[in-house]
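Shared between the two complexes below is chain A, which has chain B as its partner in the first and chain C in the second.
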Partner chain A sequence: MEGFIATGLIGISLGSQYTLLALGFTLIFGILGVVNFAHGGFYVMGGYVAYYCSAVLGLPYVVALLIALAATFVLGWLFEVLILERVIDDHQATLMVTMGFYLVLATGILVIFGAESPEFSFPISGVWRVGDVYFPYANMVVLGACLAAIVFVFWLVYRTNVGRSLRAMAEDRTVASALGMPTKILFPFAFALATGLAGLTGALVTPILALAPHVGDPVLAFSFLTVILGGLGSVTGATIAAFIVGLIEAYAAVYLGGSKGALTLFVLVLVILVIRPQGLMGKEVRRA
Partner chain B sequence: MDGANLTRGDALRVESISKAFGGLKVFHDVNFTMPAGGLLGVIGPNGAGKTTMINIISGRLPPSSGRVMLGDTRVDSQPVYSNAGRGLVRSFQQTATFNDNSIEDNLLSAIRFSGKDRSVLERLAVLLEKFGLVENWRRDANLLPYGLQKMLGLTMALATEPRMLLLDEPAAGLEKSERGNIDDYIAFAQTEFNCGVLLVEHDMDLIKRLCPQVIVLDGGKLIAEGAPGEVLARKDVIDAYLGGSDEEDDHAQHS
Partner chain C sequence: MSNATVSRLLERRSPFFSGYEWVTLALVLATFAVPFLTVNPQIMSQTNLILIAATAALGVYIMLRMDLMSFAVPSFMAIGGYTVAILSIRLGITDVFVLAAAAFIVPALLAIPLGWLILRLKGVYFVLVTFVLTEIVQLLLFEAAPLTGGANGLVGMPAVKIFGFELWDNSHVLLTTAGLAFTGFLITAIFTRRYRYEFAAIEKNDVLAESLGLACWKYKALAFAVAAGVSGLAGFALVNMLMTAHPTSFAPMSSVNYITYTIVGGKASILGTLVGAILLVSATDYFALSGELSPGLYGLLIIVVTLVAKGGVIGMLTKTVQRLRGRNGGGLTNPKPALAEGKS
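Let's look at the complex of A and B:
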C-alpha cells in the first residue's frame, strides 16, 4: 500500500511536468497552427541556462530558474518574430523550420557545453517520510512549482482578456484578426509563453532527471503523445492527458518494469485513440 | 490609431489592381471607386475573383501591382487587424463566430478586439432584437441554426463600429425567408453607422433591391459598371455571368 501511494505521488509529479510541457505545445498548435519540433530544445536550453547560472556563476537556484524562464521566453519571441512568422501559413515550412531550429539549439549546446552531462543537482536534498511512504523533497518542490505554473497558465487563459484573445485566436484567427485582434503581437507572445514554460520545466526537472544536449528528444515525444491524447489544441485535454500519462508511466514502471512500462503506455494511448480519434477533449473536425 | 484621422465614411478607391498567383492571373488592372458612405454591389460568376478582391482590399492578400486607398490611407498589404482598426472590416462567406462561446461573449470579443466598449451593444439593440439574437443571448454560437450564426457573424462585424464594410455573400446559405435580414442589416449599417458597404452577392434580387450601383467582374476583369437594371440587361454581362435565369444560377451556387 505504501508503495502504491509513493508511486502515485511520483506519477502526479511526472504528470505535472508533462502538463507544463504539453500546455506550451498545445498552445502553439492551437493558436498558431504550428507543431513545434523545437519544443524539446527549449527544455534543454532551460536546463543549461539554470545549470550555468547556479553551478557555474553561483547564483541562487531560484534566480537561475527565473533567468532560464526569461531566456527561453525571449528566444521563443525572437524565433517567432524573425523566422517562424515568415512561413507561418505554410505547414510544411513550419515543420522544417522548427525542426531545424531544434537541431541548431541542441548542436549549439553540444558545442558550448560538450556531450557529457554536467554536474547539476537539485539544491535541496532529503526525503519526506510519513509511515513507510517516501517522497524526496526535491520532487515535492518541483511538484509545487509545476502546479503553481499550471494554475498561472489556467488563470491567464481562462480569466484574463489576453487569455480570451488567445482562445479566440485558437478558435479562428482569421475571424479574430478581421475584427481587429493584433495577431502580430499575440502570436509571438503565445509562442514565447510556451517556450518559456518548456524552459522553466527544463530548469526544474533536469537537476532531478538528467541534463545532456540530447534530453530534448523524449520531451518532444512525450509532449506530442500527451497533446494528441488530450486532443490537439485543448488546454484542459492536455492537462488531463498529462496526468494520465504520468500515472500510467509511474505505475507501469514500478509494477511491470522498465520497457514494459513504456509499452503499456503506448498501447493504452493507442486504445484510447481508436475509441476517440480526436483525443479526450478534442473536437471532431468539421469541414465547411 | 490612424482611424481617428479619417473622416466618417471615406471613399474607397481601388486603383489598377492586378493579382497573379504564380502564372495564374486573377486580376488585370481593376479600377473602381466607391463614394463615402455608399453602397456598391459586386457581382460575377464563380471564380471571377470576388472573394480575392475582398482579400486584397482588407489586406489579407497583397496585390501584385496597384493600390487600394481608403481616404488618404493606403490599405492594401497592411495587416488585416490594422485595417480593421481603421474601420475597414470584412465579413466571411461562411459563419464566422467563436464556437463554445455564447452570443454575448462573441459580441464582447468583437468589441474588445476592436478596442470599443459595451455601449456599442445599445446601438445594436434594435438589430439584435430583430434577428432573434437576444432571445438566444446565452446560447453557444455553434448550437445556433445556420442563419442565426451568420447574422451573429455579421453583427459582430458591425460591433467594431466600422466605416467601411466588405460583405462577402452575406445572403449565402440563408433561407429565402431570412434574406430580408440582410436588407435590414445593410440599411442599419448605413443609417446608424454611416458606413460604406461593398456587397459581394449572388442573390440578384437582393442586388437589384439594394444597390444603386454595381460592378461586374469576369475572369479577373471589370467588364461593366452602372445601375443594376442597365448592367444586368447588357448582353456581355448576360453571356459572362447569367447564362440562364437568376434563379438557376442561385441554385447552382448553393447546391
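Let's look at the complex of A and C:
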C-alpha cells in the first residue's frame, strides 16, 4: 500500500512536469496552428542554461531558474519573429523550420557543452517520510513549482485580457486581427511563453532526471503523446492527459517494469485515436 | 467537346514517365557500374549509403504526393530489415529474390491495418502519430527479444545468394543494394505516375476530391502500403550492408534525415529525393570530421530551403532552366507544371 502511494506521488510529479511541457506545446498549436518540433530543444536548453548558471557561474539555483526561463523565452520570441512568422500560413513549412531549428539547437548544445552529461544535481537533498511513504524533497519542490506554473498559465489564459486575446486568435486569426488584436506582439508572446515554460521545465527537471544533449527526443515524444491524448490545442485536455500519462508511466514502471510503461501508453493512445480521433477534450481537427 | 478530348489533352501534356523519372532511373541504374569501375572501398560504401538513404526517402516522397508528411519510414525499414534477418538467420533462407519479396510484402501488409488506424487523421495528427509509431516500433524491437534479439540485435547474417551464387564481398553488397534501390525506384515511379491525377486531386483538396467521387481512402491506403514496402527494401539493403539487424539502425530521429533528403532535393519530383540523398549523404561524409555536427547542418539546410527555396534543389534548377529557355522549353522543364510542382 505504501509503495502504491509513493508511486502515485511520483506519478503526480511526473504528471505536473508533462503538463508544463504539454501546455506550451498545445498553446503553440492552439494559437499559432504550429506543431513545435523544437519543443524538446528548448527543454534541453533550459536545463543547460540553469546548469551553466548554477554549477559553473555559481549563482543561486532560483536565479538560474529565472535566467533559464528568460533565455528560452527570448530565443522563442526571436525564432517566432525572425523565422516562423515568414511561413506561418503553410503548416508543412512551419513543421520543417521548427524541426530544423531543433536540430540546430541540439547540435549547438552538443558543440558548446560536449556529448557527456554534466554533473548537475538538485540543490536540496533529503527525503520526506510519513510512515513508510518516502518522497524526496527535490521532487516536492519541483512538484510545487510546476503546480504554481500551471496555475499561472490557467490564470493567464482564462482570467486576463491577454488570455482572452490569445483565445480569440486561436479561434479565428483573421477576425481577431481585424478587431484590433495586436497579433504582431501576441503571436511571438504566445510562442515565447510556451518555449519559456519548456525551458523552465528543463531547468527544474533535468537535475533530477538527466541532462544530456539528446534528452529532448523523448520529451518531444511524450509531449506528442500527451497532446494527442488530450486533444491538440486544448489546455484542459493537455493537463488531464499529462497527469494520466504521468500516473500510467509511474505505475507501469513499478508493476510492469522496463519500457512496458511507455508501450502501454502508446497502445492507449492508439486506442484513443480509434475511438476519439480528436482526443479526450479536443474539438474538430484544426484544418491544417 | 467530348470527355475524351480532355483526357487526351492531359495524356499529351503529361507522358507516363516525365523526364524526371527517366533521369532518376538512369542514375540509379548507373550505380550498377560502380563496382566494375572502381575498387575504392570508400566510393563503394558511399554509393551504398546514398542508395539506401534515397530508397528510404522514397517512403516520404510517396506520402508527400498526398500532402502527408510521414515519419514512419524507420518503422517500416525496421520491419523489412528484421524480416530479412529472421528469415536468413533462423530459417536459412538466403535467396535474394525471396528475401526482397518478403522485405517488401511484410511491411506493406502490416501497413494496411496501421493505415486503417492512422490515415483517417489529417495534417498535423497524421504527422504526430507517424512520429509516435517510430517510437513504438523502437520499443517493440527492444521488448520482443526472443524474436528480435533485443538490445543485442540479430548478428551473423549469412550472405545472400542470387541463383545459388553467394554475394559476399563489398562489390556484391553494392550490387545487391543497387538492385534493391532500382526496384524501389521503379515501383515508386510507376506507382506515383500511374495514380498521378488521383494523388494531385487529394493533395490539392481531399474533401473536394472525395465529394467528386474519388475514393480517397483507397489511394491513401495503397500509397501507405507501397511506401512501407519500399522502405522495407531500404531496410533489407541496410541490414545486408551491416550484416546485422540492430534497433539503433532504425532510430526514430533518423526519420528526420529521410524527410530532409526529400525536401532539400525538392519534393515535387522523384529526382529531388535522389539528388537530396546524394548531396546530403556526401556532405555528411565531407563534413564528417565529427559526425555529430551533421544534424545541425541538416537543420540549417532545412530552414534555408523552406524559407528561400521552396522547390528545393531540383525546383530551383527547373526554374532556372525554364527562365533560360523561355516558357516553352522541352525536356525536363515540360512535364505539366501545374500538376508536377503542386503547390510547391
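Just so it is clear, the second predicted complex is superposed on the first by the 284 of 288 C-alpha atoms of A that agree within 3 Å, B and C clash if a C-alpha of one lies under 4 Å from a C-alpha of the other, contacts with A are read in each partner's own complex, and residues count from 1 in each chain.
Methods note: a contact is a pair of C-beta atoms (placed from the backbone, for glycine too) under 8 Å apart; a residue touches a chain by one contact, two chains touch by 3 or more.
These numbers come from a predicted model, not from an experiment.
Colleague: Check the residue A:Pro182 against both partner chains and state whether it touches chain B (first), chain C (second), both, or neither.
Modeller: First partner only.
Colleague: Is A:Val269 in contact with chain B, with chain C, with both, or with neither (first, second, both, neither)?
Modeller: In the superposed model, A:Val269 contacts chain C only, not chain B.
Colleague: So, does A:Arg164 touch the first partner chain B, the second partner chain C, both, or neither?
Modeller: first
Colleague: Where does A:Ala106 make contact in the superposed view: on chain B (first), on chain C (second), on both, or on neither?
Modeller: Second partner only.
Colleague: Give one of first, second, both or neither to describe whether A:Gly144 is in contact with chain B, with chain C, with both, or with none.
Modeller: Touch status of A:Gly144: no partner.
Colleague: Regarding the shared-chain residue A:Pro123, is it in contact with chain B (first), chain C (second), both, or neither?
Modeller: neither
Colleague: Using the touch definition from the top, say if A:Asp172 reaches chain B (first), chain C (second), both or neither.
Modeller: first
Colleague: Tell me the contact category for A:Arg86 with respect to chain B and chain C: first, second, both or neither.
Modeller: A:Arg86 sits against chain C, while chain B stays out of touch.
Colleague: Give the label of whichever partner, chain B or chain C, reaches more residues of chain A.
Modeller: Greater contact footprint in residues on chain A: C.
Colleague: Using the superposition described at the top, list the residues of chain A that contact chain B and also contact chain C.
Modeller: Common to the two interfaces on chain A: residues 288.
Colleague: For the complex, give me every residue of chain B touching chain A.
Modeller: 58, 60, 79-81, 84-85, 89-90, 92, 94, 96-101, 109-110, 112-115, 153, 156-157, 160
Colleague: Which residues of chain A touch chain B in their complex?
Modeller: Listed in rising order, the residues are 161, 164-165, 167-168, 171-172, 174-184, 283, 288.
Colleague: What does chain A use to touch chain C in their complex?
Modeller: 29, 35, 83, 86-87, 91-93, 95-97, 99-108, 110-111, 115, 217, 221, 224-225, 227-228, 232, 258-260, 262-263, 266, 269-270, 273-274, 277, 285-288
Colleague: Quick check: in the complex, which residue numbers of chain C touch chain A?
Modeller: 67, 69, 117-118, 120-125, 127-129, 131-132, 135-136, 139-140, 142-143, 252-253, 256, 259, 263, 292-293, 295-303, 305-307, 310
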